[in-house]
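By letter and in written order, the chains are A, B, C and D; residue numbering begins at 1 in each of them.
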Amino acid sequence: MLGYFGPKGTFTHQALRTVSDDEAIAFPSVRAALDAVRTGEVRAAVVPIENSVEGGVSATLDELIAGSPLAIIGEIVIPVEFGLYAREELRLEDIRQVLTHGHAAAQCREWLATHLPNANITEAGSTAGAAAEVSRPDSHYDAAVSARVAGRLYGLTELAYQIEDNPGAVTRFVLVGRPGPLPGRTGADKTTLVAYMREDHSGALLEILQQFAVRGVNLSRIESRPTKTTLGSYCFSIDAEGHAHDRRMAEALEGLHRICPTVHFLGSYPRADKVRPSIGIGFSDAEFDEASAWVQGLDRETVTRD
Amino acid sequence: MLGYFGPKGTFTHQALRTVSDDEAIAFPSVRAALDAVRTGEVRAAVVPIENSVEGGVSATLDELIAGSPLAIIGEIVIPVEFGLYAREELRLEDIRQVLTHGHAAAQCREWLATHLPNANITEAGSTAGAAAEVSRPDSHYDAAVSARVAGRLYGLTELAYQIEDNPGAVTRFVLVGRPGPLPGRTGADKTTLVAYMREDHSGALLEILQQFAVRGVNLSRIESRPTKTTLGSYCFSIDAEGHAHDRRMAEALEGLHRICPTVHFLGSYPRADKVRPSIGIGFSDAEFDEASAWVQGLDRETVTRD
Amino acid sequence: MLGYFGPKGTFTHQALRTVSDDEAIAFPSVRAALDAVRTGEVRAAVVPIENSVEGGVSATLDELIAGSPLAIIGEIVIPVEFGLYAREELRLEDIRQVLTHGHAAAQCREWLATHLPNANITEAGSTAGAAAEVSRPDSHYDAAVSARVAGRLYGLTELAYQIEDNPGAVTRFVLVGRPGPLPGRTGADKTTLVAYMREDHSGALLEILQQFAVRGVNLSRIESRPTKTTLGSYCFSIDAEGHAHDRRMAEALEGLHRICPTVHFLGSYPRADKVRPSIGIGFSDAEFDEASAWVQGLDRETVTRD
Amino acid sequence: MLGYFGPKGTFTHQALRTVSDDEAIAFPSVRAALDAVRTGEVRAAVVPIENSVEGGVSATLDELIAGSPLAIIGEIVIPVEFGLYAREELRLEDIRQVLTHGHAAAQCREWLATHLPNANITEAGSTAGAAAEVSRPDSHYDAAVSARVAGRLYGLTELAYQIEDNPGAVTRFVLVGRPGPLPGRTGADKTTLVAYMREDHSGALLEILQQFAVRGVNLSRIESRPTKTTLGSYCFSIDAEGHAHDRRMAEALEGLHRICPTVHFLGSYPRADKVRPSIGIGFSDAEFDEASAWVQGLDRETVTRD
């Protein structure tokens, strides 16, 4: 059984559907979804990690490192696309009352102003809740702006799709499980971690980055975050290209472990975009092996004699 | 006239109150608030920039650098504290129906479970909207969880305060105006910018950070952000300690301008926490002046003669 | 009047000849030659700085920074080529006694073994002294191995030239004067300095190098040297590509001056090889000017009004 | 049998005496001494590596990496002290003719000017040769300035000692053998290598240094040297604190091997000064082992189940 940060019909729900069509449990918060993984109530859960329309993002990183350890085992990227959903086929000019979440209204502002200039937009607690309300036969709302998954879930008719003002936006989710054997290497993997610095000096971030750079590991995301324990102290949330089974990544992780007071390893898992990183000269596993062999060979067995 | 990302009664509204008690205009989105600054409808606007309960944060950085230039001219930090508000004094055990936003419900989950174990929690579009609804004499909701500013705004009675599960959290806002003379130096200033890198290579971030490090400028926040134009390309959103009038910061900005294809300077302004950064040996204005004089003096006027 | 580290007939003398054909004073040591510049006895002096056959090199750097300041005003590169010189034309097989300095003998070992297998090689105090001795009509030495300048000086006949085993070697000299206006920029210049580090920590050299790297200044030579005052402490002798009048070099020098307890600037002068360095994107004078103008412009004069 | 860069009576000979009192072979050049190690004629040889009075130093590094591999197996540091030696006890005022090498004369200039103001100083091919000449009963030289070892070797009487103008100078030698098992770790070791860079770009040296810095390895000497194959190309001769059996050094060597086209490892051996380096937090062998164990443990064996 899988879980997700609900309610039903959100983009998170849509992300979950890309992983499994089985029944899944919606949880009211990221923490609740992750705690259900921790207790074993669900095997894994889908939670938003970047740019989510429905919020919960900054909570996710914090919750992942609070409590007993969890592991990111997959990544899901979903286009942020909104549709207009009604109980039945309707002409746009007949729509008077639209229900949706404030963020969705903001992201579809231009489309709504152009196509529904006379409609009244009312804010709901979530886009999914708006779709649910519109599905009630006696609702006085004509249509909802929501994710497609919500329109389908509540048996609504899609009147328009991709009505967001900025097409091409995506939002990112992770599938979180309990620690266990890492997902196998695919050659297009990502490693997520949170590294704490020893003290708040200007060089700390440089030292952390150099641990990656000298081993040829590129980062695809870095974000400083205030630590909760010390005022004015920071940690860094990092996505690095590669898998902990890659020699360059393993050595970089060892380096971080030595120079940082704490490193939370949050998982190595396949990238959603399946892009394979270019590996610079000197940083392949074969070159790491060859270098180790060279150093071993410096201590030659043939004894120097008189 | 000032503006802010509304609606009335949010933490952003509370942040605005720390700057001015005059009437202000609430805008339905961060973009709308910033566009009103651009058009001159308002002199400046308060928008969330970090950790906001009500969302809008990631939008803020994007909106600041879209359209015509804006300038951050102040920073406001607000504790994230929730209260329970009703139309009149009530005993907690008599509360049956509570209305609030989903994020607020999540952040007060433990308090609500302990003190209102039998209450029904309903999600509203915003905490401010919840307070507005509760203020209606005929509302069937007994109480709202919201910011204090909303409770006061709607004439509600505060039944409890600081009911959040994680005390001590803060959220950060900025006051945004049109570009003009920079706010004067206070010695406890912050500079915000977005630096684009020339290409997606592992060393780009290091090169950007070294421009600061070699001039002794500490960073208080860094965040990589995908650029919209090129897939897989990044820019960096940075808060640095100091003012563009500090010589070390001015030289670092010049350095960034030379190595980055684009640098968006978003302002130098007083830090909300009034903490003065420690300036390392060699990085004070006096030391910059002294070094310039030394280099000038290398070209001695006394001519060498036979 | 110029001076040089003598005696007459050495490679240093040969280097001096590339600068001036006028009479010049030979000094018995690098210190003596430099002190003569300091006292004004000579206008400038030629001394070896790298790879000299006749020694004196490591002394040169030390002597340049001891005593009152001096300035390198030119660089001279000389091929290390030896010839075989006799009082008159001789067949090689008739040569029995060869006189030369030990280093020259070592560098021509193979040629001497091949062409003069039966000759007896005797060590003199210098190659020039050997040529002088051979020029005496009653000398019992048949030939000298020396620089061409010595052969000519003592009126000897050149029996063979370029007899060194490793052709292509060069040795480098500098022309040293008293501080004054720097030689003008040629676009192919070099700057020499000695930078002391604040303490013996592993990062000191990196910090010094980054002062150059962030301004796009390449180094063409770096050498750590023990300082005389503190056991286990080091300074760095550096040749950097460019002139102190180049903006990138001036800013790098300012940076060094701020982070190092002492920087000895030893001069900017034309490179002997006339090679113009490639200047990376962002590091030309024009780009420095443009960046300064940009930072100035951040503080816009147009006042923001209500 | 050991060899050394002769002749007898030099500081190199004196350095050899600190290693062995057995008979040893003097070779006329550094190359000859090292080739004798290569061919097995001698087991090991002592050659100068830094600041030698008698020259041969820059040759040593070049010769070490030319031909078949050699290994530095020990380091010897000798104070540069000169004495005045005569056939018998003499009053200083009776000395008229002094013989010595030009460098020694330069280094004792002040003493000679003060104590032997009327003596005539003649240059010999070496200080040792000067002592040999003075030891001849019919020599018309009264005294020689040389190393003590030469005075003793030729049965001379020491009239004065430590007559050098700059007391405290030292010169450094290495004991070179054929590659074999590395000398055991003492905790106060040094590793010598020559690293070639991939191309002549400003970042190459920084990249090499960072390989050491991220593993907490300090350098005690660095020197850029032109490579013979490509004009304008450089390699770096480096002494690093620690032993190839130290985990931090082994990993740094592996890193260099991966990023450099060529690395000549020249040996790990006990430091002459027996100073133990301070090892920063995170860089001890125990911490390397602990970090490796941590990374191993990321791949937990307990399988996550439904």
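Here are a few things to note about the model shown:
Everything below uses one rule, namely that a residue touches a chain if its C-beta (ideal position, glycine included) is under 8 Å from a C-beta of that chain, and two chains touch if they have at least 3 such contacts.
Since the structure is predicted, the reported quantities are computational estimates derived from the model, not experimental observations.
Taking shared numbers over all numbers used, the chain A to chain D interface scores over half, which places it in the same class. Our note on geometry: chain A versus chain D, Cα centroid distance of 57 Å, whole angstroms. Here the spacing of chain A and chain C, counted between their Cα centres, is 59 Å.
Taking each chain's centre as the average of its CA atoms, chain C and chain D sit 23 Å apart. For chain B, the set of residues touching two or more other chains reads 203, 210, 213. Screening every pair of chains for touch gives A-B, A-D, B-C, C-D. Every residue of chain B that touches chain A in the complex is listed here, in rising order: 28-29, 31, 51, 55, 57-59, 101-103, 105-106, 109, 123-126, 129, 166, 168, 200-203, 205-206, 209-210, 212-213, 216-224, 228, 232, 234, 275, 280. Across the complex, chain A is touched by residues 1, 43-44, 71, 177-182, 198, 207, 210-211, 213-215, 244-245, 250-251, 253-255, 257-259, 265, 281-283, 287-288, 290-292, 294-295, 298-306 of chain D.
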